[in-house]
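Got some structures for you, see below.
Two complexes follow with chain A in common, the first pairing it with chain B and the second with chain C.
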Partner chain A sequence: MKKQGTGNSKAVSVYRTRMIGSGLLFFLIAFGMVGPFLVSGDPGRQNLSAILSTPGKEYLLGTDHLGRDMLLRLTAAIRVSVAIALITTATASLIGVSLGILAATRGGLAERCTSLLADTFLALPGLLLVLLLVAIAPGSFWPLYLGIAMILWVEQFRMTRALVQPLATSPAVQATRLLGFGPWYVFRRHFWPELQANVLTLSAFGAATAILSVAALGFISVGIRPPTPELGQMMIELLPYYQEAPLIFLQPILILFLLVLSLNLIAGGKIR
Partner chain B sequence: MNQATIGYRVFQAFLVAFLVGLGTFIMVRVLPGDLAYRIAAGRYGYDLVDSVAAEAVRLELGLDGSPILAFLSWFWDLIRFDLGYSLVTGELVRDAIFHELGHSVDLAATALILSLFIGPPLGLLAGFRPGSIIDRLVLASSVVFRSIPHFAIGLVLIMIFSIQAGLLPVAGHGHPLSRVLPALTLALGLAAVSSRIARDAMIKVRESDYYLFGRTKGLSESQVFFRHGLRNVSVPIITYLGMQFVYLIEGVVVVETLFAWPGIGHSLVHAIVARDIPMIQGTAFVMGLMFVFLNALVDFLNRLVDPRERVV
Partner chain C sequence: MKTLLDIKELTVSGEKTIVHPVSLQVRTREPCTILGETGCGKSLLAQAVMGVLPSELRAQGRIFLGERDLLGLIPKQRRAIWGRELAILPQEPWLALDPTMRVLPQVKEGYMVAGAVSGASAGRLAQATLSGLGLTDAAGKLPSELSGGMAQRVAFAAASVGGAGILLADEPTKGLDAQRWQDIVDLLLQKVADGIGLLTITHDIGVARRLGGHVAIMCEGRIVEQGPAARVLQNPVHPYSKRLLAADPASWEKLGGRASNGVSPVIKAHSLGITRGGKQLFKHQNFSIAPGEIVGVTGPSGCGKSTFGDLLLGLLQPDTGTVWRDGSHPPLRYQKLYQDPPAAFPRSITIGQAVEDLIRLHALQPGIRDTLMDELRLQPELLDRLPEQISGGELQRFALLRVLLLDPIFLFADEPTSRLDLITQQEMMNLLVRCARERQCAILLVSHHADLIGKVADRLLFLGEEAISRDAAFSACHQTSPREHPVYGA
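Now for the complex of A and B:
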């Protein structure tokens, strides 16, 4: 952590924002996980005699325009967002770090090919790329996953390549290689300790991007299809009922904001 | 601007065409049903399609040939801007996009200018007094606005200004004030980043030797800022503009959809919902090209403000 700031106080404040962010994220995920145990039921179940009811005894967070329990829907939506963010950033980090190390250690053709690949994905704004993929097979999960992973790996790749390049030719790594240690050992002893903090920061940003992209697609009705609850899609569904039930309408917005805020805080409040 | 950067941007434009072309080509190929019939239906209308028309289309487009050849001819049409006809309106895609692009550029430019009036001045103000209340407020609002997606900012603005106060039109286009809310939505998100960049740059410049020397030799705070500060501060702000264009173009898609602004992003989303492949191709291609063009513009502006030859 100390490496982050120049002075000690800066390091402490970065550490503190990270802790606040982690706490917030933990709380949100716990909310998403515990929800189904608090109230059992199907998030798609409608109770048409209790539409848009305000938070109360029967429905802790109220109901939406079709009489569906908001608590169940919100917790399900959190699980969807977090799960997609998790697998896309994991995929992106794995691919980005591996290709970055490949480019930095091999050089030559390997570096040129991987850099070309990275440039290709940087040529289009991320959401446009995801939209193109989603248009191929609307409503299904894999284009969403593939598209988001494709826009996230590039940053990890560039960071890894830049950090590993000077390390790969350093005397320490040369000595380790001469002693006969394999590439996995070199990675664990020399590369990973340097990369760790940056991979975490970029993953937090990446997860925020993933959650925002999924919500944006849901919002313009081309993402995850109803009846699966999703934050962006819930917002656009509830928009017509803003005046009747402002408390219900604001819930998905608040959850999305807190999710992204927690991840931005974990990333250290830095601009990418 | 040297030749290498121009060359890179041209190459990038080529990559945009490749990605968009490949995506839409796959889209056409995975459509269920016989492709020739579908294209013929798109051209002549569903009532006029028979096997003769489908056969004519098949021969004309070489649909039985190898997919690689078919892709090359698809790609060739794309880079010549031969974008075909919309499957929904039957309008020439090129004309439709030309019309919509004007509205989008109008919105994006308004948003960008508005954001430059909000973000950097606040950032500079904060950077002059690091640690002060203003600094903390600017920092906190920057973090908050960066965590709210553009569409949520838009929703909240609609709630405040249109429904509660009834001051501004909720959505649509035509009223002189109808651009205020969508542009403000985009501008707030952009300003959240540019204020932060401006603040950090201002602090760095104020700590520099040349700035201190300017103060020591007796220049007033405003003199030293306009003579030595402003130009140096604007370099990182302009550089980050390039990254903000990602936000702007993504934002145009979502914000236009929310506010029913008749621009290119709105049209892209409609085309995806209606599976109007020529329109998807055309709008995505033009938006990608705009992105490349804006980045080239940033390269150029950076040269203008900072004439020192960079070592990359």
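Now for the complex of A and C:
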């Protein structure tokens, strides 16, 4: 009975961690969505007569060194980060899970080829890969998207392959095939229920990685190009003014921190 | 006869009482056997004697080992008894041995700790024990390199190092084929002859019969009947004992043994051969089966019984030879029943959903399901449960239902009852035989249980080395026509 008790309280604490993470993420996304309705205007519009103004009535969160509205810029940056994270993790999960299932169920040459591909990507430092791609087509969106998705799919692939391999040869799947069901049914009824939780966990971690990568690239001025506001790029632009306007400088850092924290809470709740 | 272990009014309880007052004596030269089905509380009884009950359970009563009451001792004192006075032969010994330690040091360590002898003489003793059990060659091997039977003898050696006067054997024959079964029971009898008290916990009536001595039959936490083996096993008094003993395959009525009627076969194999894991399992294996016929496959474990069935179903490809199927039947009518029922269902959906999916996929009449459920005596409310939430017997009947929905003409039943209790096993086998006869479905039945397969099968197929002689003997006494009978090559 004692064991069950601790098991339950553990489950409750995992659940609570997840709820806090989801709540925080929801709040941040809502902030990103609602921002443009709170204040109308263009995040790129400069007002040189009000640079680095502190948060106040006119500008709720103050302005940056060019007098641009921080509220508008932050909410726009959240939208950019979250959108990139969303489509890169979705792409990575789709590719990773599909190739993982292919490797686990087909075996043989298919497995060797996909595993070799995964190992190759694993051997390359992730950010370097993105930098390489960005160097091919600087300033455009697709190398960023492609690069990050290529970092993220490997983990999904390895997890899927490891989980599906024993399932694929299990009596349950064999029986299902003998009864005439096709591969889609096997995926839906056998593989997906086992994968689901792990895919979501890895996606949450992956989204955090994606957001950090975009910010890191912005920080070294190779990622999203101005005038589109982006968290890393805002940090590097505001860095020279950290003494004059620490409140302004801290804003993108705080947002980035909260985004990554919320995703890690969602993911980490499961891992432990 | 001296009383070695005296259990008086022992109860085991958690939130409610699980084992009701039990009294038993283990004497010299009189093996004591507790016979019962899964969940009857017999393992808890053994754990209570040993002193290894889960922390949420409590034992009450008295267990006298000589003059001492074991339940009055503190854990440290009880540990001192383990191996020296009270030894346990664990279930599935290959899991109980240290996988990283070679056999000799493993046994030697026992002598040093439990027997308190010096390293050098412990080594000699261990060597002597191993050679006494015919394990001289195994001394330098790791447990993973041992066969199941050898691992069992090593565990046996390890359990007897402390010179304990009482041996507790927990399901000693679980998962063994006939030969190893014999070996382990002989070893136990040897111990008894040496004057060691033996308390065996088993679900296998054959074990109780071979050991003789004193037998106690346990059901739902109570000993319903106990007495001399000859009396209890021949003339049981309690209704449950009667049912249990009648369910022993050895005392079944003969279900199979019908001569083949010369109808054209549904599946034929010609000169099949396969190598798995570097071992030639069989070669030049011929086979055919007619509608409604039940063919039993037996042989020592690892001889390729399941592989043979999988080859016929096309789940594996043979290295040599061909499998022919009657082309007028769709492949869906060739089906399989699995050994472990929960492993054969999708884990995360209800049974009803799984059956529903099948009905929808093949656009079957939904009414068939209800007719079959009646026929297999399955309650409708079971449909709402997950596979892990119903008993193995019920789940295996659902597996049969799922297969019967497709109106099979050939069914490969791979040890379909080896995970089921005796009474459930009998019900399941009766259902299978009925299904073969009424639906003209050919059944290939794999089982390691010689009695069972002898009663159920019309014809036997032996795989493995002894195949030729034993098969010939069987066909001689069953007068199977030579044409229908499989022929074996060397």
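Here is the rule we go by: the second predicted complex is superposed on the first by the 262 of 272 C-alpha atoms of A that agree within 3 Å, B and C clash if a C-alpha of one lies under 4 Å from a C-alpha of the other, contacts with A are read in each partner's own complex, and residues count from 1 in each chain.
One rule holds in what follows: a contact is a pair of C-beta atoms (placed from the backbone, for glycine too) under 8 Å apart; a residue touches a chain by one contact, two chains touch by 3 or more.
What you are looking at is a predicted structure, and each value in this text was computed from that prediction instead of being measured.
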When the two structures are superposed on chain A, do chain B and chain C clash or fit side by side?
fit
State whether A:Phe181 touches chain B only (first), chain C only (second), both chains, or neither.
second
So, A:Arg68: does it touch chain B (first), chain C (second), both, or neither?
neither
With both complexes overlaid on chain A, does A:Ala123 touch chain B (first), chain C (second), both or neither?
first
Give one of first, second, both or neither to describe whether A:Gln243 is in contact with chain B, with chain C, with both, or with none.
first
Please determine whether it is chain B or chain C that touches the greater number of chain A residues.
B
Touch check for A:Arg161: first (chain B), second (chain C), both, or neither?
neither
Regarding the shared-chain residue A:Ser170, is it in contact with chain B (first), chain C (second), both, or neither?
second
Classify the contacts of A:Arg18 with the two partner chains as first (chain B alone), second (chain C alone), both, or neither.
neither
Is A:Arg189 contacted by the first partner chain B, the second partner chain C, both or neither?
second
Vertex chain A; arms to chain B and chain C (CA centroids, nearest 10 degrees)
90
Please provide the least distance in Å between a C-alpha atom of chain B and a C-alpha atom of chain C in the combined superposition.
10
Under the definition above, what is the set of chain B residues touching chain A in their complex?
11-13, 15-16, 18-20, 23-24, 26-27, 30, 143-144, 146-152, 155-156, 159, 163, 193, 196-197, 240, 243, 245-246, 249-250, 253-254, 257-258, 268-269, 272-273, 275, 280, 284, 287-288, 291-292
Contacts from chain C onto chain A in the complex sit at residues 14-15, 55-56, 313, 315, 332, 334-336, 338-340, 343-349, 354, 357-358, 361-362, 399, 402-403, 406
Hey, which residues of chain A end up touching chain B in the complex?
119-120, 122-129, 131-138, 208, 212, 215-216, 219-222, 232, 235, 239, 242-243, 246, 253, 256-257, 260-261, 264-265, 269, 271-272
Residues of chain A touching chain C in their complex?
1-3, 170-172, 174-176, 178-181, 185, 189-190, 193-194
